[in-house]
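In what follows, chain A forms one complex with chain B and a second complex with chain C.
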Partner chain A sequence: MRPLLSKARAPGRAAVLRHGGYSRRQVYLLFLLPALLVIFAVIIFPWLFTIWMSLNDWQIGMQQSFIGFANFQKLATDTRFLETIPRTLFFTVLGVVAPLIFGVFAAEVFHQHFPLRGLLRGIYIMPMMTTPVAIALIFIMMYHPQLGVLNYLLSLIGIPPQLWIYDKNTVIPALVLVETWQWTPLVMLIVLGGLAALPTEPYESALIDGASRWDMFRFITLPLVTPFLMVAVIIRTIDALKSFDIIFVMTQGGPGTASETINIYLYLQAFAFFNIGHASAVVIVFFVIILTLAIILLAARERLRWTQ
Partner chain B sequence: MATRSVSRRDFLRIAATAGAGLAALPLLANCTPTPAEAPKAAPPTAAPAQAPAPSKPAAFDWQRFKGEKIEVTFTMGNMVDVLMKYHKEFEDLTGITVGAEQVPEQQARQKQVMEFNAGATSFDVCHYSYHVHKRLFAKNKWTVDLREYLNDPTMTPPDFDWDDFSGGAKAYATDSEGRICSIPIKIDFWMLYWNKELFEAKGVAYPKTFDEMLEAAKKLHDPAKNVVGFLARGLKNANVPVWTHLMQGWGVDPIDAKGNFYTESPEAIEAAKLYQSLLKNYSSPGVSGFNWNECQSAFALGQAAMWQDGIGFATPLEDKTKSKIFGKVGYGVFPKGPKAQHSAMFGDGIGVSSYSKKKGPAYYYCLWATNKVNQLRVLQAGAAVPPRSSALSNPDRAQGSTMPGEYFECLEGSGKILRAGLPEIIPVTEFRDIFGIALTNIIGGADPAAELKKATADFKPIYEKSEKG
Partner chain C sequence: MDTVARLDALKLRLRRLGDRAALAFALFLVISPAVFVMFWMLSLAFKNEIDNIAYPPVWIPNPPTLANYKQVFERSPFGLYTINSVIVSGSATLIGLVLGVPAAYGIAKGKAMGMGMLIMVARITPGLSYLIPLFTLFRFLRLTGTLVPVAITHLVITIPMIVWVMISFFEDIHPELEEAALVDGCSIWRAFVSVSLPLARPGIAVAAILAFIQSWNNFIFGAVLAGRETRTLPVAVFNSMTYEQLSWGPLAAAALIVTLPTLLLTIFVQRHIVTGLAAGAVKG
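Moving on to the complex of A and B:
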């Protein structure tokens, strides 16, 4: 305290003297303390604790012991875990691309002027607002091989019944179909915002030059909405990577492990087997995967930004 | 609060004096009255025939913990609905207030383990599955050893009758050190549902052996009419009891009490081959993704000739609004295997949390929930199979029930050939997961011996670690 006071009393430093000799900067830091405490409690501490748990052989109801990086070494040789990585990426790629295609198409349609456009837009975004578990339960009924309405509809056009989520070869596309149905409206909304912000001059010039609608879409609309599409891609990628509720309710990772993504594997380890140490190691690996993908996508977005 | 309890006491006194109150409160009739009330209570001869007369009416004080409040956590189910409907009876009888919650099965299991592990539980009484958590709970002594209470006449009324519980249920509730960790509250028998109409249409008799069952499935399987011969769970984890139940037909359990593995024995492989034949050739397409609910829906719509599962799923089949085969359902004791005939048994218990500060009131709740009257109620409602012999053999068991006589006959028959459906091990969830994946692959055409060998190799280290830990 003493040195601070004597420094503060020096000529030219009077302005920083406040509150019993504390500097303005020190007082400001005091105001930051509650926020720092909250950040520590809800972000930093859970992370540190997760890292600590991942370094332990920790199963609920059993003795806990420090094992260093053994959980990570085990993950590197765990074929079941390793299989979940390409499966998760496959699910993610399909879960991003399909809503993107349908979302852009829907945005193009809803960008046009036609009667009841507002009402239809409202109806179109309803799946996005529906509870995923409710959606999953409805699709389970629709996908039932014997009782489901989808196979009935297919039979009307002469297509043989499909097994949908009940077959290891079709389960991922069938799950992606549900994701697509739910999240296409989100992409549509983002792209629609982009379309509304586009300048009209390039289209007028293209019309004068005799460009077709497809040419205008291909050479004007698409390049101009690409930055908006990148936003949609980033949001959808993170969402699809994290996807849990629909998969868990519909297949629990089955048949066998055919739809077991990293999240499902993580859930089983943590909350079915109570293998907390192992699950924490999975969390850290999963975080690194998400972080890497996010950095790549953000860098791509920077490159595709509109420039003067 | 005081006013409320006095009026309740007054009511009970008047009811007892008049000899009519007990008839309105069957539970009270089943239990001995409090010492203070005993001289004024109705004599044993006045008790309704439904409830056994207490041997020492004056000995037991139900109001000992009056004014306390307890919390009960239940795994969601029809049985719990029945019990909760009568909670007022318990509160009137004991003066204890009950707060109860129902949590879906998977979440209930997580909640209980997490809270016990944290060393503080939000509940005083917990309802848990023996086939999943018996060993884990017992190892950590998470529930109170009830032997002291059961042997204490001031804590347990004489008419509670511990010996009324079936031997299998009592064994389920008792750990390897002889501690009674809970009171059995329900059991589930595995049997064979069969569609009488489909059987009659093709002149097929109910199968008595595994060979006949396979033959019947073959004859009744008719994809052109959207009918399958046989249904059972194919979804990983859920499918394991189907296989272990079949294995019992060869007189073998996957892991015995000494920890010996039979999961890749010739008997286990034969059972897996039968499972493969039934589900791959004569079952629904996509059965490898079916849990009990998909099987139940298809069977209730008349699209399956046979369905192997627990008898606890029978109630909707006898509901005209939900079942297309109402009145046509057969309930069969599971056919005999090459070496033995068994019904796989699963069970739940209700115990007192070791971390509860209200162990006495919590124990009183366990006594009430598993008493003879409530066990009979649960059976009559078709909500669960009670572990009490008196309920199963009660002549009134079908009174007010929507279930047909054959259902009760199946219960009785299956009750004679019970055998635990899953091994009593700590990592039972991992066991179901690993062997469940193997079975799903087997339905898909994989070699049963190779799959079981791999699953055994994967599971053994987990089991060995759990036994050391």
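Moving on to the complex of A and C:
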């Protein structure tokens, strides 16, 4: 954002020129018009329509009728729905923390100089470009309790076979593992960008003072890259909350409802039971949860900025 | 005196050696999960049925077989699904560029940050929330069963992605170049087409590829909106899962087919993706 202000405050000669009777800013806004029309049709219209549907008793193939907030009242007592909220939050916390830890470590590694760095970094970021459905399939085979390669690898180091996604106690960590595999590179890229922007002086003086590598990381690197970590946390939180493909393909919410997150519940209500009104109410509650968390995190980020 | 100096030099070299060994080990730790899963996908996709369910696992396909791919294409019209995916993601990316690039330019130059916020909110909204109203609408318009609704819905992915990446690229273009063109009597449109657009070409390539990959990888829109004839590849792969069960070879082959294009594109633009993504992500 930084160059924006200086540009805006420096009106050149051209700024005074008129363009067919419009001011320059108006002309620039005309560039937005085509996109705005389409955005209205595919993004804003769905938002508004969702609000309308959530106020109706609406099942596909049947007459809809306006029922006010009844869908929401029903949600407040729907235990199956209410259980999805802490489950989703658990999934999200794991799905933020694990990629964050591994991503920071990987960024430290890729910040060093070594031969073939570009190529290796390219290989490292590949998971985030792969198709989630495909990856989910491969992980289903790797998680197979009897024939899966992961249990074989565990057996080599003396760990008994796990049930992974087939046990209600391990299903969420097992799903988060896939999510972590895929999205740690994104965290790494963001943190790497932060590391590249760090000043070198503090390290030089720390080196003279005889600080250990861990001390330098803990007391210099970590505080300095915290703003970047916050960006990573915000992006990961939103994406983990919305996570769908991997869970749907691997477990469809099972075993039982052990991995049924809000998004999976939403899908089932909308496209398995065709409860469009009910599902729309879920969408709105879900959106409010995401927005609230995003705003809390953005506020935390602002505060960090001020205290530093 | 001399021995002390030599000892110090030796110590230093040992320490450097130790550092390098530690770095190599760390690098191995960091990169092995990605390499292992990719390797395992390749291995499963080229092994025969017996080796695939052998325990302990057979690592290297010996001899490698193409039978799995044959089965994939025989059992379902995978060629058709590939074409579907290309049409859907290709047209969603193209339309996204035509609409999104000028929009990003307008936002960057006209300081329409409210629009930027809108795109941001679009980014955090779960995909399913677009799907329910659009699904209802397309049913009403009797468009389900064609590729049109799938492609239109994919605009939800491509437009925000392209606008978001392009805003930062247009902000970074030096304003003086455009000012010069404007002072010389160019219209704003002309200045956009002949000055900013060529300068933003690398950004456009990055935005297009990221949008294409995201659209290509999308599963849920196709899963809900597509019929038997209009499935996209990820949907087809998911569907083959339901009747393949322990037939791992064809499944892995199908997974490889759908994800291979994204991997090739990633290799192709790896360095630019790093900068493009970082720009898009960090400026948020």
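In the analysis below, the second predicted complex is superposed on the first by the 262 of 308 C-alpha atoms of A that agree within 3 Å, B and C clash if a C-alpha of one lies under 4 Å from a C-alpha of the other, contacts with A are read in each partner's own complex, and residues count from 1 in each chain.
FYI, contacts are C-beta pairs under 8 Å (C-beta built on N, C-alpha and C of every residue); 3 or more make two chains touch, one makes a residue touch a chain.
Predicted model, so just to flag it, every value in this text is computed and none were measured.
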Chain B versus chain C as contact partner of A:L207, first or second or both or neither: neither
First, second, both or neither for A:V93, with chain B first and chain C second: neither
Contacts of A:I235 with chain B and chain C, given as first, second, both or neither: second
Which of chain B and chain C A:F287 touches, first, second, both or neither: second
First (chain B), second (chain C), both or neither touched by A:F271: both
Contacts of A:I295 with chain B and chain C, given as first, second, both or neither: neither
Contacts of A:L222 with chain B and chain C, given as first, second, both or neither: neither
Chain B or chain C, by number of chain A residues touched: C
Touched partner set for A:L147, first chain B, second chain C, both or neither: both
Residues of chain A at both interfaces, chain B in one complex, chain C in the other: 60, 146-147, 271
Contacting residues of chain C [partner chain A, same complex]: 23-24, 26-27, 30-31, 33-35, 37-38, 40-41, 44, 53, 55-57, 95, 98-100, 102-103, 105-107, 109-112, 115, 118, 121-137, 139, 152-153, 155-156, 159, 163, 171-172, 175, 179, 182-183, 187-189, 192, 213, 216-217, 219-220, 224, 233-234, 237-238, 241, 248, 251-252, 254-256, 258-259, 262-263, 265-267, 270-271, 273-274, 277-278, 281-284
Contact footprint of chain A on chain B as seen in their complex: 106, 110, 113-114, 117, 136, 139-140, 226, 228, 234-237, 284-290, 294, 297-298, 301, 303, 426-427, 429-430, 433, 437, 440-441, 444, 465-466, 469
Chain A to chain B touching residues, read off their complex: 59-63, 144-147, 161, 163-168, 171, 251-257, 268, 271-274
Chain C contact footprint on chain A (complex, rising order): 1, 3-4, 7-8, 12-14, 17, 19, 24-25, 27-32, 34-36, 38-39, 42-47, 49-50, 53, 60, 102, 105-106, 108-110, 112, 114, 118, 120-127, 129-135, 137-142, 146-147, 149, 152, 181, 185-186, 189-190, 192-194, 228, 231, 234-235, 238, 241-242, 244-245, 248-249, 263, 266-267, 270-271, 276, 279-280, 283, 286-287, 290-291, 294
